[in-house]
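Worksheet: the structure to be examined is printed underneath.
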Amino acid sequence: MSHNSFGHLFRFTTWGESHGSALGCVVDGCPANIHLTEADIQPWLDKRKPGVSRHVSQRRESDRVKILSGVFKDGHTNGQVTTGAPISLVVENTDHRSKDYSDIRDKWRPGHADYTYDIKYGVRDYRGGGRSSARETAARVAAGAIARKVLGEDISIRAVLIQIGARKINRTRWNWNDVHANDFFCPDARTAALWAEDMDKIRKAGSSVGALIEIICSGLPVGWGAPVYGKLDADMANAMMSINAAKGVEIGAGMKAAAMRGEDAADQMRLDADGQPTFMSNHNGGVLGGISTGQDLVIRVAIKPASSIRIPRRTLTRTLEPAEVITTGRHDPCVGIRGAPVAEAMAALVLADHKLRAKALSAYG
Amino acid sequence: MSHNSFGHLFRFTTWGESHGSALGCVVDGCPANIHLTEADIQPWLDKRKPGVSRHVSQRRESDRVKILSGVFKDGHTNGQVTTGAPISLVVENTDHRSKDYSDIRDKWRPGHADYTYDIKYGVRDYRGGGRSSARETAARVAAGAIARKVLGEDISIRAVLIQIGARKINRTRWNWNDVHANDFFCPDARTAALWAEDMDKIRKAGSSVGALIEIICSGLPVGWGAPVYGKLDADMANAMMSINAAKGVEIGAGMKAAAMRGEDAADQMRLDADGQPTFMSNHNGGVLGGISTGQDLVIRVAIKPASSIRIPRRTLTRTLEPAEVITTGRHDPCVGIRGAPVAEAMAALVLADHKLRAKALSAYG
Amino acid sequence: MSHNSFGHLFRFTTWGESHGSALGCVVDGCPANIHLTEADIQPWLDKRKPGVSRHVSQRRESDRVKILSGVFKDGHTNGQVTTGAPISLVVENTDHRSKDYSDIRDKWRPGHADYTYDIKYGVRDYRGGGRSSARETAARVAAGAIARKVLGEDISIRAVLIQIGARKINRTRWNWNDVHANDFFCPDARTAALWAEDMDKIRKAGSSVGALIEIICSGLPVGWGAPVYGKLDADMANAMMSINAAKGVEIGAGMKAAAMRGEDAADQMRLDADGQPTFMSNHNGGVLGGISTGQDLVIRVAIKPASSIRIPRRTLTRTLEPAEVITTGRHDPCVGIRGAPVAEAMAALVLADHKLRAKALSAYG
Amino acid sequence: MSHNSFGHLFRFTTWGESHGSALGCVVDGCPANIHLTEADIQPWLDKRKPGVSRHVSQRRESDRVKILSGVFKDGHTNGQVTTGAPISLVVENTDHRSKDYSDIRDKWRPGHADYTYDIKYGVRDYRGGGRSSARETAARVAAGAIARKVLGEDISIRAVLIQIGARKINRTRWNWNDVHANDFFCPDARTAALWAEDMDKIRKAGSSVGALIEIICSGLPVGWGAPVYGKLDADMANAMMSINAAKGVEIGAGMKAAAMRGEDAADQMRLDADGQPTFMSNHNGGVLGGISTGQDLVIRVAIKPASSIRIPRRTLTRTLEPAEVITTGRHDPCVGIRGAPVAEAMAALVLADHKLRAKALSAYG
């Protein structure tokens, strides 16, 4: 069962609410003897944390991770390593101003999970969205950092924004070096500059906007993924759609595959210069029959605009009275931006699980 | 673990290859005392089976389902009912002409799973695609028929085609009655007629084409689905992406959510004529925070064009020699058509599982 | 969830009732390229099948297994091998005389699951015990045969009877060659002869008797099993207690460990003649901290006497009227005998799963 | 997969080492709206904690539990209640004197998991046994307290010691009131007094001794448990055998069932004074066919003597040199004593899971 756990062999379980004292996760199934300190995890949390630019939430969280178990260091070990025991990670919540939310305690905010949580559970921790807050994704990012260690350095997992609102990047200008030179994980510097202007307007209008994230995983071997209900792409779809505000997931050609012809969609094969099999295109996004082809695994996720806006919206109260609601807390005008490191983490977590699964069944006969 | 099983409380496991003697599934977790005979399952298999129009594969399979376990009937029971024991379903393969495939035994067909299976497993049942064939989906449809019985008649699950190739339906002409009056599960009769013409051309050209399926689940209660890794929409994404040839999944506004503004995307609430909560739009597709809102659950799946075409494509052999391949067997020029009943089945299977999961946790305090 | 499935990476799902048309299982997670034909499975079913001596049920079942999927053979493969796809196994029921059971349709047989099934499910396939019949164990034995192939020939799994009723074997006479030279899988020929006399009396009296099975798994490496909820011994306890009529499970010293002192119970270590670590005793039964030590894994299972006897017992009917019941069908006077191959199979199934699990997490750093 | 998680619908995951900064667990699948504060959990931890009598480890741990997530309290709720979100529990380690263990860093202590951990993982947190320490059971007890809340007050789960070393209680003197009036959870005051003398001798001798725990669960409905691999007794066997030092598990008649005759073992039924079905004995220990009968569920667990003793034992070092080892830390001369609250907790955790599982499948037709 998977209420708050994800993965099979490499598996993590998250806990915590937006305005509780802390949040965290337990990472289970990490092999032993992998070097791991908090310094391996912190940079990824820093990428995701709020308050780093004017385009994201102004909540000030240091998001310092602590490792409470599962690692060991002594004269025998070469530095601090994993022991095979579960790794408990904790991040304290420091800047949670619960008073910001007292006004909306009894109102179901449109686009949020307030209504569904209330009806399903009969009780709701409304402070900052409680369990349904995207703050939970900090735990995913922390777990994802460990997944990266399991995958090793030959596999890279990089998420970029390719669209904010109606404005898309120009792929001919794609430059990996640009990605960390702007506030948007954008591989196209010129579009990033325009997004900055767009975002300023949106933020001032008290509105929000959606985004499109593209995740590219490189360096995969052929053969990860398992037909027919353990497909690599299906697990990725599950992982990505579990991210707050995600509304669509694509692999390779994605939704556009519907309009294609067979002779265009089927990626032809040939030998490369080294006499190794290679593909002449990647419309399948690096997966065939649910199994990795060795090409780049290409995933896209559509993130809806944040529902926390200052523009009044009609709603109901818990006692079924019509009401208007505006959300005045510190929110992300485009949750898709901070969604990029989260999507990267989820991709890493799926891959680490499939690496171990592939290993388990390899090399008989 | 989920190699060939799907679901948690309501769970099924499929087995069988395209050209084996039979295929089937075991449905586990079906509650007792539900009326069930083969007549409850057969109509859904008939919807999916090949050979029913010129637009689908001409393979002639009767696709008769047999129930081998899990049901009982005697003087005490009101007809034949489930007993709570696992239900074993079998469909025999009758028209499998393995000789059709002898030519491609050693060639990796582009767009198929030949290459990835070969590298992953070192052995491949190439006859008709073996385990990677869409023939496996017959078992899903059979299991899905039982899921519908678990859901009951108040919940309807209907899949339609809304696009074949570049041609989309006109939603203003949507008529549910049209859906079964054409060969395409199309709710727009006029578009269906054009599709027939399109398909004739494609088939004659030896090509194939993609499609877009929309699945609409109506009659859901509020409260199915479980944050944060048991989200109803994430489970649907997983289910849909596990279907052969699926390349994209959308919930509600889907990929277009990226271009929206917060004030447009957040579905406002009001009271309906009966004083009950209702929504003023459904951009979230019937799910908020991973939990059903009681609105229609709206899912779209993009199906790529079939890779089995008569147009020559470049590829490699198992011994790494360049080759050309054409596929001359009896294939679907648009696998998306027969994908509609499969998508319906997968939706039913996810919902039946979540119905039981919601029940398990309901009504404390 | 585990209603009718067992295992994680190597996993099987059984289906079928005692008097249905067939029973079987789906084995999922079997690695590819393992030689497998029906001839690999049949001998193990033959060991378990009824009607082979006067001491077991006289039901005449040929118990022929058929493989319906998951194997392949052509010019490339060296004989018929597994493909990594799920393996569907079916055994037809041929000699099921349902009329034998008509008398007990409405009576809850003491010691059987009639009452609990009736109350839990509200419906019960009473023919031969339906799903609760030990006939289900044929599927386990078939799956177990595949597990043995996964384990390879270096690992032996042998179950013997060490007690029937009050009479125990004399361990000083233990001779592995005797085990298949009598009707009781007994390693002590002299005790086996006495059991034959005992059993004749019991059978004539219309009674039944319990037994004690000992399972010895040899050739294990150090390191299988996973703390703390995937312990090898805990998984074995689960597996053994899932066998019909099992009432107790022991590992190593078992229940007698309660009376031991620490200096006696802790197995001391030394170097063997080859300079390799070895143990000076095996009170822990080959497991420490849930992980295999490389010693023999020693398990014992207590099987209660069959509840189907010809001696009248008091009970109730479904309409809550007092009644007397005797069972006149063809039954085992000591179900423990045929339980031995079942216990072997369950041990093999647990080990195969743990072999793959250990492999998945091995060799980092 | 279940490395460090247990349960399906009601599920917990533990983490932490004996001498880490803290240990804890995440409880997932707890229904909403159950009253829960730390005061509901602490008493059970206090029952298990060390240092409460001279017969248990003198380690001084306050074992204060903190709830970090999953509960909420405001004007709407009637006190603090669960929200349906995962409940994170933490217990800090305060009195861990790692220096006590420096001597045995390189020696494999007989009867402990040192050798198997070292070979399996290649690294071992030797401080106090690390992850293999029984200190992990504090997390089980904390989780078990929540399980009790899920079960409600009509179900009682009580574990007692019925044997320490060779000395058994006299069942004719069984008095539930005695259980908490001695240091041994013993229902027979006179035997408890003798045990105190026995234990003083054992402790002074630097030795240890085994014990037999009996767990009695009362107030269960008919119908919990699920054939055939979700049997209540098989899940209990798994749960009990997962407890550190457990070597045997019995249900009802247990190992003695081997010596019984069918007419004695099968629990006959009759109507009770209220005209309700009742049983005339309980040799099956409250389970038939894996499903609860409504009788007391009776389980026994054999706990081996602690391996940490002051009597020198032969062993090897990590570099394969013969050595002698004694363990001088603060240890339990009879780990079975503190095992009783742990066994209670595990029984509660299994039952809570099965309560939810039974609910999920109930009441169709």
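The letters A, B, C and D name the chains in turn, as written, and every chain counts its residues from 1.
Keep this in mind: a residue touches a chain if its C-beta (ideal position, glycine included) is under 8 Å from a C-beta of that chain, and two chains touch if they have at least 3 such contacts.
Since the structure is predicted, the reported quantities are computational estimates derived from the model, not experimental observations.
**Q** Under the over-half criterion for shared residue numbers, do copies chain C and chain D use the same patch or different patches to meet?
**A** Result for this pair: same.
**Q** Please state whether A-D or B-D has more C-beta contact pairs across its interface.
**A** The comparison resolves to A-D.
**Q** CA centre of chain C versus CA centre of chain D: separation in Å?
**A** 27
**Q** So, what's the distance in Å between the C-alpha centres of chain D and chain A?
**A** 38
**Q** So the centre of each chain is just the mean of its C-alpha atoms; given that, what is the distance between chain B and chain D in Å?
**A** 45
**Q** Mark out which residues of chain B touch at least two other chains, giving numbers and ranges.
**A** Only 1, 3-5, 8-9, 14, 29, 32-33, 81, 84-85, 120, 122-123, 131, 227, 357, 365 qualify.
**Q** Connecting every touching chain pair, does the picture come out as line, ring, star, complete or other?
**A** complete
**Q** Could you list, by residue number, the parts of chain D that touch chain C in their complex?
**A** The touching residues are 1-6, 8-9, 14, 108-113, 115-117, 119-120, 122-123, 131-132, 136, 163-166, 202, 207-212, 222-223, 225-231, 233-242, 246-271, 275, 277, 280, 283-285, 287-293, 300, 302-309, 311, 313-316, 320, 322, 336, 357-358, 365.
**Q** Report the residues of chain C in contact with chain A in the complex, numbered from low to high.
**A** For chain C paired with chain A, touching residues are 1, 8-9, 29, 31-35, 81, 84-85, 150, 227, 356-357, 359-365.
**Q** Mind listing the chain D positions that touch chain A in their complex?
**A** Touching chain A: residues 1, 3-5, 8-9, 11, 13-17, 20-24, 26, 28-29, 32-33, 68-70, 72, 74, 76-77, 81, 83-88, 105, 120-125, 130-131 of chain D.
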